[in-house]
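Working notes for the structure below.
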Amino acid sequence: MAQDNNPQHNDEKKIQETREKFLKDYNKKREVESPDGQKIEVEPMKDYFSQQRPQRKDPHKGVIEKFLNWARSESIWVLGFGTGCGSIEIPPLSSPRFDMYRFGVAMRPTPRQSSAMIISGYLSVKTLKRAIRSYEQMMQPKFVMALGSCTINGGMYWDSYNTINRLDHYMPVDVYVAGCMPRPEALLAGFNQLKKRIREGRAEGANQYADHFDWYKANQKKIIKDWNMPDYNW
Amino acid sequence: MEHISLSQIAIVAGILLILIGLWAIISQRNIIKMIIGFSLFDTGIHIVMVGVGYVRGKTAPVLDEAVNVKEAARQIVDPLPQALVLTAIVIGLGITALMLAYALRLYQKKKTLDVKKFNDLKW
Amino acid sequence: MLKKIFFLLVLAGFAVMLFNAYGLSGPDQQLNDVAAHYAEKGPQEVGAANLVASVIVTYRGLDTLGEVTILFLAASIIGFFLKARRDNQRAPKQVRKTSEILETAAKVITPVIFLFGIYVFINGHLTPGGGFQGGAIIASGLVLMLLANPVKKINHNIIRVIESISGFSFILLGIFGLLLAGGFLDNAFLPLGDFGTLLSAGAVPLIYIFIGLKVGAELSGIVSNLQETQKEQI
Amino acid sequence: MVEPVYIVASGLGIAFLLGLINKAGKNPAGGVMLLALAFMTLVSLQWMSSVVFAGNSPHYTFTAGFQPPFSISLMMGEKEAFFTTLVNLIGLLGGIYLWERFHKQGVNTMIVYLLLFVGLNVVVMTRDLFNLFVFLEISSVAITGLVLLQREHKAITAGFKYLVATGIISGILLIGIIFIYQYGGSLYIDDIIAANLTAVKGGMVAIFLVLIAIALELKPFPANGWALDLYQGAHPGVAALVSGAFASAMVFVLYKLLPIAGGQWQTMFATLGALTFVGSNLLGIKQNQSQRLLGYSSVGQIGLLVMVVGLAQFLGDRLTLIAYGLLISHYLAKAGLFWLAGVLDQDQIRNWAQLRKKPHLLALFGTFIFALVGFPPFPSFFAKWELIMQLSAGSGYVWVGLILLGSLLEAVYLFRWLGYALKLDHQQLPAINIQWHKIIPIVLAGVGLFVLGYLATPIASGTAGINFIPLAFIILIYFLDVLPARVKNIVVIAAMAYYGYLIMPGLEDVRFIFSVIFIIGGILTLLAGFAYKGRRKGFYPAALLMYAGLGQLLTAETMLQFFFAWELMTIGSYILIIRGKNSIRHGYSYMLFSVGGAYLMLAGFGVAYAGSGMADLAAIANITQLAGWAAVLIAIGFMTKTATLGLHIWLPGAHAEAESDVSPMVSAILLKAGVFGLVLLFIHMGGEAASGHPLFYVLGWLGAITALVANLSAVFQEDAKRLLAYSSIGQLGYILFAFAIMTHVGWLAGFTYTLNHFMYKAILFLIVGGIVLRLRTHYMYEMGGLIKRMPYSFIAVLIGIVALAGMPPLSGFAGKWLFYNAGIEKGWYFQGGVIFFSGIIAFLYLYRLIHSIFLGQLKDRHRRVKEISPWFLIPAYTLIMGIMVFSAKPGWILQPIGQAITQYFPSSPLRWQADGTAIGELGYWNGSQVMVIVMGVFILITLWLILLNRKAKKVEQFNIVYAGERPERPETTHISYNIYAGYNKAIGFLATPWISGLWQWIADGFRDLAVQIRRIYNGNGQTYALHLLTYVVVVYLITIGG
Amino acid sequence: MDLLTRVLFTLLGLFIILNWGLLMTAIMRKLTARVGKRVGIRWYQPWINLVKLYSNRNSISHGVMFQLGPVFRLLGGVGLVMFMPLIYGSELFTNFSFAGDLVIILYIKFFGMLGMALGAGEGGHPYSAIGVSRGLSQVTTVELPFTLAVIALAVQYNTLSITEIVAAQQGGILNWTLFTNPVATAAALLSMLGIFMHSPFDLHKAPNEIPIGPPTEYHSSYLGILRTNAAILHVIEAVLFMNLFFGGATSWPMLIVKTFLIYFISVFVGVVFPRFRIEQSVRWFLQVPLILGIVAIILIL
């Protein structure tokens, strides 16, 4: 894979340095004067962002979880987050022809309220950062559906200098929908697949992310050279 | 000439003098001329004062051979305005002297006697 | 022009007022009560042959006191007003020397003038004249002196002493009148003497002497002050 | 008894001798001069005690031992004794003041000085017209001389102009005198009066000439440019004498001579006086030069006195007391001010901030200013009161109007000046050079004002109940100012508590309700003072003064007592308000509106007094004529304090810029004084019986519109305290509306609102004030996220705004419910709709307040900020307890209030059931049950949510969804600035401050007028001479004609 | 009647209203979908959504007020139910309306708004604050015509008690306020469009502009509570209008039918019109609705 070729990515110290280097001015440590005239230090990365790691949330047992999973599968709220060319395939879903609402699928404008995320095509490194952030801000359980070959193996961008090749190195993916691009019908099929997975209790991507957090982070940091954000975005 | 008495002439003249004096005061821009105006004004007043005290055909209020002490009341003019005018003259003199002193100093300050130039204080 | 017309209008108004006040009436044919009282009772009450003098010195003595005071006041004011500048004055201006005739004549005439002045105020209660007239005559002598010899310095100390003592004596005489006779400035605390003689009319001659001295001194002071200031380099 | 003539003799004698004494040195000479003045003072004092206090008959001195009219006579009566005392006293003090000047300028100046007072004494005492002339000349000439004590060019020009003017005046006087002699045959004033010269035309003109000459000596506007130049150019010590001694004597001369006109020209003189008073004070508003300003003020005050003399027929036996009261205030205050000017040596009034380097001098300055304007406890207050009362009683309403207009104009510049002194920067100014011989006279003048104020109380009718003990205590506190603030705070709170203990049990119904606000509220807000360190100079006397005023309002029985208390409160609150950092403008406009309102009120009281002949507050109930006018005037007066629309522009700034613990005092408590006044007014207008009065209809609308506009303005404020201030205006609009309904329920609503507004506005202002103190900013957009740092404040504000918004179950709802019932019952549907609309608009600003301060993003600078001082929290939480009690058991409070107002509004549709349900004509409401239900539901839901979210992860402030991005800075993420932009676009035009614009226009108009008029003072002595002549001619043509 | 019974029956009423609210929401969504030729959601979708939201495995909190916001919000809705007499003639379903009259209803609504606003505020999201400011701005003018109509009603019936207003409308359809006071009804119904905050008056949410406004940060069970409240609120506000203008309800079916029809009005308008901008919306309510309100008042003067 492209990102592994460069040995300097493996050097933790270098990562730290790049992070310092790419930190925006407003995120750097600074000294401000409090109203009563004292100097106080503010370190935005620590003070303004929660530093905690994600935690595994175990599912309930037995029939309760089954019922809840059914409910989750029948109420999939998708974060409106368009990445690549595939994002043009999503809006038709709410048109009379495809009408995703009848499957309990709806779009939500904010990750807090969404339970599913669609990575719709090639993901540049820059967008990956945002995708990770949005993914991390969703509530558990959360699901990821990836569209197109670009998310599977890089597709036509496999040797691009700034797109990723395999999405599941960076976040757990529940369903891949193949095609370049997949049509809305394929998306609906993908949703059905996702529903099935949820009902089966296999869509535990969030827990997987939490369990293998370090691995995911390492991968992410390798590819995102200007890593300048907290490890987990609450 | 029966009807016009000395006092009438004096008083009318005095009033005219007063007006002339006032004219000088309000229209002459030279301070010295204004002071002369004041003198005229004062003099006019003094003439009026004396004129007021005059009684036709009577003599000065000095009780000497010319005036009988017993008959004094019928032979003399009113002494009071004369006393008053004396006081008034002296007062006028004092004020004129003061004005002149002021004029002197004012001239020294600005080398001019134009009253218009001394308007440092206004509004 | 407009201004002049306005001045004329104002003066015309003033003239109207004055003529209205006068009323163009002829003079009284007889004395009013007050004047009649002076004429009839004056000789007994005051004992001065010159009724004007009795009015000035006794009946309206307070006015006279005030009048002396005004002169005194003017002299004092001019004294400190003109002096302050003189204290830090430069050298006096060179004045042309006056003629020999004037100087000599002045030397001869001045004592005569002084003598005449003294005569006038000593006889003030008997003949026309009095303290003021006498004082003025004395001052005119001084004027003559100054004209004849412009560089001459008048001794202000003498003037001041004469002024003070005569003024204070005037007041003292007034108080004697209050203590020994009918009231303040009553001349009757001294015997009235024979009517029409020099030593008559009680304190009137005394008062006149002081008035004469005082007026003389004050006028002299004013004149010399003005004259000295004039000598300053302007 | 020492003969009065010794005053003259000693003065003259010493003056003559001074030249000799000077040989022994300047100190002995000066000492002798002062001794002479002291002797003269003693003599006149002795006569005063004999004639005035012991009541002996007047003493006549016949000079030369002859009876008048043959000789000159002096009279020493009651008034002469008074005036000679005034003249000599100021002579003595001024002599001390000028000591150093005399030294520098030599003995001649001492002579001149002494002779001035000799002259003035004789002028006062003499009964001979020509003698008057002579000694008047002495005085004038002496002043011409004394002007030169200031050896500057301006002094010389001023002196010359004065000389020219007095030359003309004395000439006119002399002409008059000689013609009077011609027609009257005597110079003895009594004879002239007896001769009744006005029968003859010439005599009339002669008398006119004499009187107009005296009037000219009194510097009538507009023929007084020379006098102003004199005041400006002269040495301050001399200007003090001209203003204090010379002018006083002249006023007396006018009084003495007026009878020779046989009462013909009284009105003319009153008119001239009024013209002077108004005109001179108008010109004063544009003046920046301190001594000239004092000159304008002096001229104005003398104009007022002339007016009083001219209006003697209205004043009857009260004339002397009124005149004395006005005169003595003017005399002491003006002398004190001129002397102060000499101490400071600052030309521009802006530089008087220098006074702050010596706070005691500043206090004296304030004393003089307040005395001049006529505030209690100074004599002028009582005099002005009585003047207005008597004028009104004689239906001289035009005069009343002129006096009040002039006084207001005077207040305009005096308070501008005071504001400058109190607030402008004084760091750059040099230190004050203290010379004790200059300070002592000033101190004596200040003390004299207080003492005479106390003694002057009997001037006015209805003063009996005024309690001076609080005032004495305030003076004590003033001298305790060196103590630390905490100690003083304890003392003051104890005093307040004791005062409350004294007066509260004696109060009943309405007064008691307000006493809770004034006294208990006062104590609570004072608690916040513990948060301050240091000494807080000047705070406690002012606070106590305000509370003393408020307390005395409660106990006032007569109109005068009420007005006295009202003005005390105004002084105290003014000082409190202007203490704020940027309060100079706001304190000023507060004061102007207060003064203006107070004058309207005064006029209203005057009408009431005239219409009823009573001094009691109950007079309002018994007005037989012009009752409507009285009510309207008084109501407008009160509405300046309640900041009703149109009269509100002072409030936002004043409340916003005040110190943190002052804002709650002035907003939650002080405003209620106006409400209290309105309540008393309405009660005395007859309560229910008067409810049909059209005034109430207008007031109702006014209240509603006030609420709407003020609330709308509050919505668009960025400054938290200003927002609250506008909110206060709005709330006061509700209160006005409620009371104007004039029914039982309406009044109940009014009182509910009054009490509630007191509580929640105090809470809000306390908390916001505490926050401002912590954060050092007023602007809400600079705050944010403070809930994390200040949770207790947040809770208090939350409760405050819930109560303010009127949401059930908190107490604000009680007011809303009563409103609906009262409004619909009364039939005021539209007004009710407007009120409701403004009530909803209130949500906007309340949300803005709590959101912008507490919610949203915490700023960098505030990350370590601490909770506000507990001393702000303690009173706030105490009040929250009050709100909670009111909310839980509204009946406990509303029922007694209902009973209290039943006497005024007997027909009450409101019934209270045993379980606390209030049943009105229309609806019903049970506060306790609502409280229980709402709290119950609230607790249940909370428990449920806690159950659901017990494991919620606590995140930091930037952990928000941000479209895949991150916020950069709290400042850019916190939505606060112009938060209601859309609303502003929609209906923001309603909040356009066109009323401020209107007032600005009025103010500009007056200023421009002043600028135009004062151009006649072109500084040319000749023009001034022309003015004099023109003045004489014009007045002559008007009064006598042809 | 003892307290317990009353509490139980109130809870029963609340339960019915909640479920009817959810169902009504679904039906309306379905109807909207049909307008767009879609099938739309299933009728039970709202329940599923609720279950899902309440069963989310984690949640975050921005602070105490963030958590209390939904509580206040729900308190507003439940409070309305508490003080609203539901079924005329049924002592059981008058709830706690004996504790307060129409005025309390008018004001307790704001509790919910305030709660939402505060909670959203502490969330710290800029869009929340913008949404709140828009919503509050709109509310001010929305309530004005409604209040005038209410005043007109109070005068007409000479009472502020909802029960009595309903009682006065009994005895035939012509006794409804709709017919006895059509102007006030018109004003109130126009206001109602704003009260339900459907398009074109949904500018506080403005989904494509400021994601969804105030509840941007809300999720999981918080959102569940908000949705619960929305269901209750829609019905109970419709009940208010029903009681005031449409003769109230004497039985549950009647209540269901009437509330459905009332709510339908706003959905109907919402389907037809796009969204207003804030100043347009604010001004709109100050035009026709306000004039109608004023006319209503003039008529009773």
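Note that the chains take the letters A, B, C, D and E in the order they are written out, and that residue 1 is the start of every chain.
As a convention for this text, a residue touches a chain if its C-beta (ideal position, glycine included) is under 8 Å from a C-beta of that chain, and two chains touch if they have at least 3 such contacts.
All figures in this text were calculated on a predicted structure; none of them were measured in a lab.
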Going by the stated contact rule, which chains contact subunit A and subunit E alike? D
Treat touching chains as neighbours: how many steps, at the fewest, connect subunit B to subunit E? 2
So which chain ends up closest to the centre of the protein, judged by Cα positions averaged per chain? D
Would you identify the chain whose Cα-based centre sits farthest away from the centre of subunit B? A
Chain of greatest Cα-centre distance to subunit D: A
Of the chain pairs D-E and B-C, which one is connected by the greater count of C-beta contacts? D-E
What is the distance, in whole Å, between the centres of subunit A and subunit C, each centre taken as the mean of its C-alpha atoms? 117
Go ahead and note the Å separation of the Cα centroids belonging to subunit B and subunit D. 50
State, to the nearest whole Å, the distance from the C-alpha centre of subunit A to the C-alpha centre of subunit B. 112
Residues in subunit B with touches to at least two other chains are numbered 18, 22, 26, 48, 80, 84, 87, 91, 94-95, 98, 102, 105
Going by residue number, subunit A touches two or more other chains at 110, 112, 234
On subunit D, where are the residues touching two or more other chains? 130, 134, 137, 141, 144-145, 175, 179, 187, 953-955, 957-959, 961, 1026, 1029
Please give all chain pairs that are in touch with each other. A-D, A-E, B-C, B-D, C-D, D-E
Residue positions on subunit D within touch of subunit A in the complex are 774-777, 860-865, 953-959, 961, 963-970
Subunit E contacts subunit D in the complex at 54, 58-65, 67-68, 70-72, 74-75, 78-79, 82-83, 96, 98-104, 107-108, 110-111, 113-114, 117-118, 121-126, 129-130, 132-134, 136-137, 139-141, 143-144, 147-148, 151-152, 154-155, 158-161, 216-217, 220-222, 224-225, 277-280, 282-283, 286, 293-294, 297, 300-301
In their complex, what parts of subunit A are in touch with subunit D? 24, 26-27, 30, 32-36, 38, 40, 42, 44, 47-50, 52, 81, 110-112, 129-131, 133-134, 137, 229, 233-234
What residues on subunit C touch subunit B, complex-wise? 4, 7, 10-11, 14-15, 18-19, 22, 24, 26-32, 34-36, 38-40, 42-43, 49-52, 54-56, 59-60, 63-64, 66-68, 70-71, 73-74, 77-78, 81-82, 85, 126-128, 130, 132, 195-196, 215, 219, 222, 225-226, 229-230, 234
Per the contact definition, I'd like the list of subunit B residues that touch subunit D in the complex. 18, 22, 25-26, 29, 31, 34, 38, 41-42, 45, 48-49, 52, 80-81, 84, 87-88, 91, 94-95, 98-99, 102-103, 105-106, 109, 115-116, 118-123
